[in-house]
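Next up, some structures in structure tokens.
Here come two complexes built around subunit A, the first alongside subunit B, the second alongside subunit C.
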Partner chain A sequence: MSIELGSTEQGEISRAPRGKALNNVQDQVQAWRNADLFFFPLISILIGGAAVFLCALTVGDWSYWMDWRDRRWWPLLTPLLLLVLPTVATYAFWKYFKLPVAATGLALGFWLSQIISRYVNFYLFTAFPMNWVMPEVWIGAAVVLDAVLLITRSFALTGLVGGFLFGLLFSAMNWPVVAPMHMPVQLGDTVMTLADYMGFQYIRTAMPEYVRIIEAGTLRTFGTNVAPVSAFVSGFFAILVYYVFIWIGSKGANPAWLKKLV
Partner chain B sequence: MVKFGNAWLRRAMGLALACVMSGILFVPPVFAHGEIAQMAGIRMRTIHWFDTQIEPTQVKVNDIVTVRGKFKVSENWPDYVAKPEQWVFLNIGVPGPTFIRLDTTINGMHQYQSTALKRGEFYEYEIKLKARVPGTWHVHPLLNVWQAGPLAGPARFVQITGDKKDFVNTVTLLDGETVDVEHYGLASMWSIHLLWVAVGLLWVAYWFRHLPVMMRRYVAIKMYGEQEAERHLITIKDMVVSAGFVLGILGLTLALMMWSLNRYSITMPLQTGKIEAPVIPLPESQQQVDVKVQHAKFDLPSRRMDMALEVTNRSAEPVRIGQFVTGYARFIDAAVIKDVKADRYDPVATDGLHSDVTWIQPGQTQLVNLTVADALWGEQRLTDIVAEPNLRFAGLLFFYTADGHRQIREVGARMTPNFLPGYVPINTHGGHVALETRDSLS
Partner chain C sequence: MSTVINQAVVAPAATASEAPRPPWRLAFTIAAIALAFVTLVKWYQHTFSWTVGTDSFSPEFQVYWMRIFYAQIIGLPLLGAIGAAWLWLTRDRDIQNLPARDELARFYAMFSILVVAAIVLISALGLLTEADAAWHQVVVRDTDFTPTHIFLFYLGVPAGLGGLVMAWIWVHTRLPYFANRVSLPLSLAIIGFMMAGPVVAFNEWAHTFFYAEELFGAPVHWFFVLAGFFLVFLIGFVIQCVQRMYELTRGYSLEEVEREMGLTSR
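And now, the complex of A and B:
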């Protein structure tokens, strides 16, 4: 590749004087480095933070509380909605930079925002135990999505393989986090999971027990193997979500509409 | 200096800003839940709470607070509110988990999940709480009714002293291990989260290992086009590393799954269900007094309701009316029973009920003019009943025998509101209604 930018990896590079324009290639390189160090974390945290709002509006209680994370709806719904913004950002990062980092960056930004939100809002401010409001983690699934894009260099194939794996892996990646909450406890004559037990103990005035959507649905033909089936279904739907939001990303990343506005 | 707008505009904006800031900075603290903001008709015609006890009201962290009492599910349940025969959950109205709930019973049956209630029946409940977060908290019994929302009962302020760090909550799992509920599994949760964060950072670090990255690639794509740039920007090494990440992540996921299946070998799915609260014969269920409402009027200016009742006493003892409860506000006839405010927020009018008939003899049917008059109507915002889509009221009438035994009957009917001065109360006897001559209303 014939893009030579001088000594980009060589020792000290003097900075341009404050208030002065870029004077040489070294200044240019330094500005570009600063752009990397500033913009990528910023975009990750901003869009990741926006994804936290999206998650709050769409997934909501499935994400907040351990006693909502059932085998049926949580692994089906959550990854589909978490996939939306990373997919849109993926298009822009791939088109303009050929960088397979958008999903991972957003997942990291999402994780940071989500952890801060849970710790401050749920643990410090409203005093819920942290183990009961621990958020989901999907960074690994996001890396897989990015890596598959890099390997295939195709949105179509990435949707098919990466999107499917994103939906499929979510449940498996999060089971080790939620498993302690599924240990059985006996309360009086009722046996329940530790998550249910905490749901009874840690009072949520506006959330009665019946409002949870637990095992509601018609999936009754695979015995008790509900979670794997939900994960597969989520994987299939994730393919569709990926394609739809790549298309939306292609429209959003096109500066033509911005030019019309300005 | 650049100035924005003209002087008046700047002043107006300054004033607006000051108003907003004062609104933010000088908001008084809120201690209760806004329970009286709920529609008066719903409070008066859904759950009739009575005999509510919340004690003790001064506790330390880890101490037990008991909320107990009774309620009747109204026979006059509004048609526009979802019915309690579907899904109900007996809850507690507190500001978050300042207490934990240890146990709940309705008519003696444990209620850890949802339940259902029957209209017209009496229920007795008890909720045991354990103090957790120091502070002064407003504690209500509360019934969540599916699609109807929370129906709060009367509240007391409970003060918790001590340190939250001293709070203890352990449970023995079904496998025999006794664990600290608030920290169980937390270390492994954090470890797994941080492990995935490390994987993500490793992936990002790989791509950003030689800065600058983004602009250099952007320029390359601009200069050579997407196809050509892609061929050079993505190397074999990148492909191998990416494949390694995919395989590594699949392996890590599998390893963590195996670890969790081994560490938490006995797990079960989330549990849900409904246990219908049993109906048992409570003393209040005995119905030996019949009441029919002939007329009811509500006078808004004087905060007064008049009822013309036809009362038949089928019991063996004379009875008289001593209390009317609606929307958990208690209106007491001081000549019959003594009641005191549990605290200054307790919704009780200790002399707010008057009847023109004292004793109703056994076997007798008597016309009774009952007057329920007190500022409590307004304090509890029950006066809003006159502005609701269905001008009906309901409440519990308490009849007392000479030795203090009581019978409770629900009354409910249409009522006619009066908005203007010159109110003429109901009088079925041709004479003055008992309260008409009272100084307080003159």
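And now, the complex of A and C:
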């Protein structure tokens, strides 16, 4: 098997368009508007859908269950995985169309897909309460990421500032949903969070403590410091994630050709 | 028959004097059919998972679930092979001389159908994936072929793969820009999806060890991520299409276009 890489211009045959496709400038304007209608929704939907799949299989447990949303792993891992595909799409949108909208578009598509899935699968199918399986929201963090790109017009600065803010702000932006679940309740002689209490009411195969990856060890004694420390660490790692996946995005968006397949 | 279908699907509004238009009505019709099918699948799953889907040793499970499994695993590859062969055998042998107007109409047809159908397809992917997550949290599996796996793996994977292979053939035989060469990003996206086959096999094998607890972010699932990640190469394919569509539609200067759009000239 041989694979030969070729550029766009290397075909042996002429690929010039045969005749004219349009009649006048109005047709051309309409054609370009049609392109707008196609490409932004298509890339947002496809890559946003892939993001749902990717996040389900890596950090899905923290996304599904409120008793998994701790102060240590959830604020660290979830934003790092959520940042991957918006960054890949951002490269193509900015490089080819100068549109700083990819992260916001993906976040909207992701949220819509998630909220439908939680209602249909977790509420209707398996009878969990909706407030127990609410998906995380990262539209605000995505808007910040796109806004930094719009202002700086630079991948390097967007990674440094926008990537950092994405990781840093994620848990804070989700706090209104999570905070009520962290209220302490007393059950018999045991004090636990409301999230843990609900967890005991809804028995799941992810319940055993050797399966549930939540905060453990001495950091439990750090009181209120754990969440902001995790958020800052996530912010710093997010800078690295942004740079790596901008590079991967440049490979994914490369319109390369093979002259032959086998 | 092929001529009729090509004209109906591929060049719906293009006449000698009229500029091509996206076939939105056709796109929404296809999306509605796809949505109806997804709804039917979810209805079946919700109705028969709890009643006859919890014990794979029961005769009812064999009737209600395994028959669907066998039908899918045999029927879908067969349909894909027939569709791919039909697309190849009815290819245009003189594709390089396709008029620009018809070529643009084909791009319009492809993208209008894709953009509408993608909403349904991606919703289905999310729904089927997270149905699996929810189900295995509440029912301990006693088989690899659980009610959620039967639709996620043995409907989603062969249908997706068949559709992608047919799309690959259609693109390379119906669009002059792609003829006589191969789109690397589109090929990589399909190769990535093909990896779902061995990944499903490995996943099912590994779950024979881990049947009682379910950690959805477990390392055994990470290979799926790799397969799904190859979808990012579709961006490269879209860029290739954009390059060609720009060639086909750039008859007038930017100043004229801006004047037509009511924008001030830069």
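Some notes on this structure:
The rule we apply is simple: the second predicted complex is superposed on the first by the 220 of 262 C-alpha atoms of A that agree within 3 Å, B and C clash if a C-alpha of one lies under 4 Å from a C-alpha of the other, contacts with A are read in each partner's own complex, and residues count from 1 in each chain.
Keep this in mind: a contact is a pair of C-beta atoms (placed from the backbone, for glycine too) under 8 Å apart; a residue touches a chain by one contact, two chains touch by 3 or more.
Quick caveat, the model's predicted, so the values are computed rather than measured.
In the superposition on chain A, no contact is made by A:Val229 with either subunit B or subunit C. When the two structures are aligned on the shared chain, A:Val244 is found in touch with neither subunit B nor subunit C. Of the two partner chains placed around the shared chain by superposition, neither subunit B nor subunit C is touched by A:Leu160.
Residue contacts after overlaying the shared chain place A:Ile151 against subunit B, while subunit C stays out of touching range.
Looking at the shared chain after the overlay, A:Val25 reaches subunit C, while subunit B stays out of its contact range.
Look at A:Phe53: by the touch rule set out above, it reaches subunit C but stays clear of subunit B. Counting contacts as defined above, subunit A residues 5, 8, 29, 32, 35, 37, 39, 96, 126, 128, 203-206, 208, 211 meet subunit B in one complex and subunit C in the other. For subunit A in complex with subunit C, the residues that touch the partner chain are 5-6, 8, 11-15, 17-32, 34-35, 37-39, 41-43, 45-50, 52-54, 56-62, 64, 85, 88-89, 92, 96, 109, 113-114, 116-118, 120-122, 124-126, 128, 203-206, 208, 211, 213, 248-249, 252-261. In the complex of the two chains, the subunit B residues touching subunit A come out as 33, 87-89, 91-94, 96-103, 110, 112-114, 132-133, 142, 144, 146, 150, 164, 169, 171-175, 181-186, 188-189, 192-193, 196-197, 199-201, 203-204, 207-208, 210-221, 223, 226, 229-230, 232-234, 238-239, 242-243, 245-246, 249-250, 252-254, 256-257, 259-261, 263-264, 266-272, 274. By the touch criterion given at the top, residues 1, 3, 5, 8-9, 29, 32-33, 35-37, 39-40, 67-71, 95-101, 104-105, 107-108, 111, 115, 126-132, 134, 137, 139-140, 142-144, 146-148, 150-151, 153, 169, 172-173, 175-177, 179-198, 200-206, 208-212, 214-215, 224, 226 of subunit A touch subunit B in their complex.
Residues 17, 19-22, 42, 45-46, 49, 96-101, 103-104, 108, 111-112, 114-115, 118-119, 121-123, 125-127, 129-131, 133-138, 140, 176-177, 180-185, 187, 212-217, 221-222, 224-225, 228-229, 231-240, 242-243, 245, 247-252, 256-257, 260-261 of subunit C are the ones that touch subunit A when the two sit in their complex.
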